[in-house]
Amino acid sequence: MTEDVIAARARALAGALTEAGFARLRVRDGDTEIELRRAPGAVSGAAPSPSSAPAAAAAEVADRPPERRVEVVASDVVGIVRLLRPAIGEGQELDGDRELAYVETLGIRNPVRSRGGGRVSTVFVSEGQPVEYGQPLFAIDR
Amino acid sequence: MTEDVIAARARALAGALTEAGFARLRVRDGDTEIELRRAPGAVSGAAPSPSSAPAAAAAEVADRPPERRVEVVASDVVGIVRLLRPAIGEGQELDGDRELAYVETLGIRNPVRSRGGGRVSTVFVSEGQPVEYGQPLFAIDR
Amino acid sequence: MFKKVLIANRGEIALRINRACHELGVATVAIFSEADRQSLHVRHADEAFCVGPGPVMRSYLNIPNIISAALISGCDAIHPGYGFLAENARFAEIASDHGLTFIGPTPAVISAMGDKATAKRLMAEAGVPTTPGSDIVANVDEARTVSAAIGYPVLLKATAGGGGKGMRAVHAPEELATAFATAQAESEASFKDGRLYVEKLIVNPRHIEVQVLADEHGGVVHLGERDCSLQKPSHQKLIEEAPAPHLDDALRERLHTIATTATRAVGYTNAGTLEFLVTGGDLYFMEMNTRIQVEHPVTELIYGVDLVKEQIRIAAGEALGFTQDDLNTHGHAIEVRVNAEDPNNNFAPAAGTLTTVVFPGGPGVRVDTHVYGGATVPPFYDSMLAKIVAVGRTRESAIVRMERALAETRIEGVKTTVDFCADVLADPEFRAGGVGVAWLPAFLARRTAAV
Amino acid sequence: MFKKVLIANRGEIALRINRACHELGVATVAIFSEADRQSLHVRHADEAFCVGPGPVMRSYLNIPNIISAALISGCDAIHPGYGFLAENARFAEIASDHGLTFIGPTPAVISAMGDKATAKRLMAEAGVPTTPGSDIVANVDEARTVSAAIGYPVLLKATAGGGGKGMRAVHAPEELATAFATAQAESEASFKDGRLYVEKLIVNPRHIEVQVLADEHGGVVHLGERDCSLQKPSHQKLIEEAPAPHLDDALRERLHTIATTATRAVGYTNAGTLEFLVTGGDLYFMEMNTRIQVEHPVTELIYGVDLVKEQIRIAAGEALGFTQDDLNTHGHAIEVRVNAEDPNNNFAPAAGTLTTVVFPGGPGVRVDTHVYGGATVPPFYDSMLAKIVAVGRTRESAIVRMERALAETRIEGVKTTVDFCADVLADPEFRAGGVGVAWLPAFLARRTAAV
């Protein structure tokens, strides 16, 4: 699967996951298995306001073979993407949880974090790009 | 299959047959096979008026096992059933093509014929009953 | 009022009549062919009779079975809708012979108006302007003499005609013989009546028709005019509106007056429509349709009158509950016919299963339809799936409302006229208003060339 | 006029606003939760932003994400619809702070009318009759003194209240302490505001409300009244009509005059509704809703005015295009709310997939809906699937038309209020007209007992 397909499928599955009210969803399709887990904090209506909600919703996608785990970091706000300077690029190795970018909403900078180490396999967005809730920002090979 | 079921299925299939514009339709369902053939004269719009149309539409239904052929004779007009005196009854043996009843439409008596011999297994209608086009009148075991 | 009415039709008009009956507290009996068993018009009626297989000759035109269904079910009246048996005087007569009220004018009037040459003569006698032309011409020589006198171009028309069949335009004397033979043969084949007459060909007129209601006590009113100039190359109407845009007030009033005068003159009763060709300041009577028209809702929306209920009330012997002075209009209405047709392929009709059906809603939008998601479109009948009608305070607001209504419409499974009609609505010439009958074929040609 | 409007809502009202915008030539931006990705309101808008997951706190009430979507997409205005943020003064203020026009009254007016005790005081000052009662009572002792003065039965009401929450009827002094504690706790939990006031309990009044429009140039008109007395035991409206049947002419005129006077007095702008309790010849102001109401179509159908377009025009600074004298009504309109609820089980809401959806059509019927065959009903939101509205020349003809419209309606996959509402329409007491708010719960109890 290409990264585009991963992103598209992850988003579609995330929608289905939310609608169904489940925390985990696994789909096998030929050689490929995609597994999505709801980010631990992103539970129904528990957070009083989105800015205090936990870090971005996560969509984990596993392709096999080969044994590879791709995690998609998505935006949990509507806003404008602000990349770091220098920007995190594709291929970049992350040695643990770190900031990848901000999404700016009404002047507030909402940090986007990697929540773990790995290699940035795809950057879905560019500087200044508007993003909606749930829009994939980065894919990370764990 | 009971006669009721035969009649209901025959009518449903007759509708499908007409809609599809085919002359023959065979449906297998478990042990039972139902075959319908359009009556030879009952072709699309060929007859200028229904009273000059050929004899009633026929639906042949075959149940196996046991080897049994049931043919349903249906009305091809809208009218009132007039049974013969004495009326053809269930169990009656027919030694060839003969009149079974009339359907009266605007004062005209449209004969209903058996189109062959056999044993009358079911009489679906009673004297004076209103019937619509395609309504089963008799079932005949050939 | 009637106790029970048999609806001798199918599709949206059968539903329309069913609605009117139920709102009047009248029970209904539907008829259906085997191909229409699952149709909404069957489901909504109080009773329903299968009258034959799919082909119309054996079902919806099967007079004995239809009359028999009415008698068996204890009906006291029959509403014919439009098409099928609606303008069949013999059917009206047979119904009457069996004690059933035919909801429409008398057989004599249906018959007179159904014969185009007779209708034209009667109208001319009543002082209605008619297209210069002849009575029935016996042969091609007579046609040649008459055509020379009228002046080319002329139209050869079948007296039994309708829907453009048995009609040929002749632009010069040398075309006449061939055209005569073709029109005669076509008319003979279509109507079993090869008689023709000659008429002056009016180039690119507007098709404007006037709705009338006449009760059996001498009450006659008109409900204004409809502009039906947007017709496919086959002369079938596609988009209609009321009132007619850019019509000179004096001409509009003349149309209305002529319509009511003519209605009285021919002893007309029930709902009827007089069709005129209008060009410049001139108007010519074309024909009178002795039934409810497909496009009647545009009139209903601006007059606030339920024409089908009025038909039933009139047939039940009631006097009109209003006079001409009581009637007034609000705004402008437009109708789009959603047909299962491919506009990119000569409007070839399409049959199949409708996988998705979403109709528009909200303010000022009316939908008349018999289809739904999962419904099948049988191959035997008219291809119209729905009429979408929009009303607004002005013509522009009605058009804009129609545009958003078409944008909301989603029909999948067969090709439809929805997108094509949206393109028509967006065209500046249509938007300006008042185009003639040649406009839509020209627009179609331009659009096809652009694709 | 605005260039682009963000519609901060979902469901049928989001579609309703989308229609008004498109008919005004204004582009639209929809917002949606992840549970509404397939909704028609998303499909019909020019742009759409996902603003959060299904639960409303994180999506349709997510002010930063909604305002951000409006700014990113270049909107110049926000229409809040009803519910959600429609009466949130803070949201209106934040929109304004970001240069977005909030389509509604000013934050100050929203805030004043949102606080029930303040609204009542302001109205009383403007000479509007209000229910005998108190300002905010500090504690149960004060409530006891006030109640004794007013005379039992009384109502304890939350000043921040709405939808019956934080409200308790008290029939005798000994019930007061418990009721006070419960109402206070409920109000605190629901609105984070436990302040209560006391009001005379009017037994079985009619709920009659008056629609007003006010522009920013001093133009104020009313568009008559609606009778919303048919309410579920939860006080939610189920069937509404306009005009109110059997209302004394003098009382009707008094309602209208009071409504416009009060509208001017509080400096109201945009569309608003003043709700009154009416009993015998008396009327009492209840509250003012500073937004479009669910039941606005019944008014639109008899006045021929598009209220949502008027809201947008007013917010864009336009003066009303008509005066009170230009407005007049035609006929009678009735609305039925089709909810995904089980009337045989306390109207318990139902979620699921709609396997079959067929809505009624034809003359005099309007359908506002966001659902279609195959659509899912998410569990997070209001259970209303559609509003069916019927208009007729008289109340009886509107009811008959609604009966046939409901008979045409087929919704499968979830339980709905369709059949229950048909039973209500058939009831002789409803048919006679003018029932009070206690009627429907009593009808429900009778019906349940009969089953």
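For reference, chains read A, B, C and D in written order, and residue numbers begin at 1 within each chain.
The criterion applied here is as follows: a residue touches a chain if its C-beta (ideal position, glycine included) is under 8 Å from a C-beta of that chain, and two chains touch if they have at least 3 such contacts.
Please read these numbers as outputs of a predicted model, since none were measured by experiment.
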As a quick test, compute the distance in whole Å between the mean CA positions of chain B and chain C.
39
Centre distance in Å when chain C and chain D are each reduced to the mean of their C-alpha atoms
43
State, to the nearest whole Å, the distance from the C-alpha centre of chain A to the C-alpha centre of chain B.
66
Quick one: report the Å distance separating chain B from chain D, using the average Cα coordinate of each chain.
60
If you look at chain B, which of its residues touch at least two other chains?
none
Where chain C touches two or more other chains at once, by residue number:
none
Based on which chains are in contact, what kind of graph results: line, ring, star, complete or other?
line
Contacting chain pairs - touch in the sense defined above:
A-D, B-C, C-D
Once bound in the complex, which stretches of chain C touch chain B?
34-35, 37, 49-59, 62-69, 71-73, 98, 376, 378-379
How about chain A: which of its residues touch chain D in the complex?
14-15, 18-19, 21, 42, 44-45, 47-51, 53, 57, 77-80, 105-106, 108, 130, 132-135
Going by the contact rule set out above, which residues of chain C touch chain D in the complex?
15-16, 19, 22-23, 25, 40, 44, 297, 300, 304, 306, 330-331, 356-359, 361-369, 372-374, 393, 397, 400-401, 403-404, 407-408
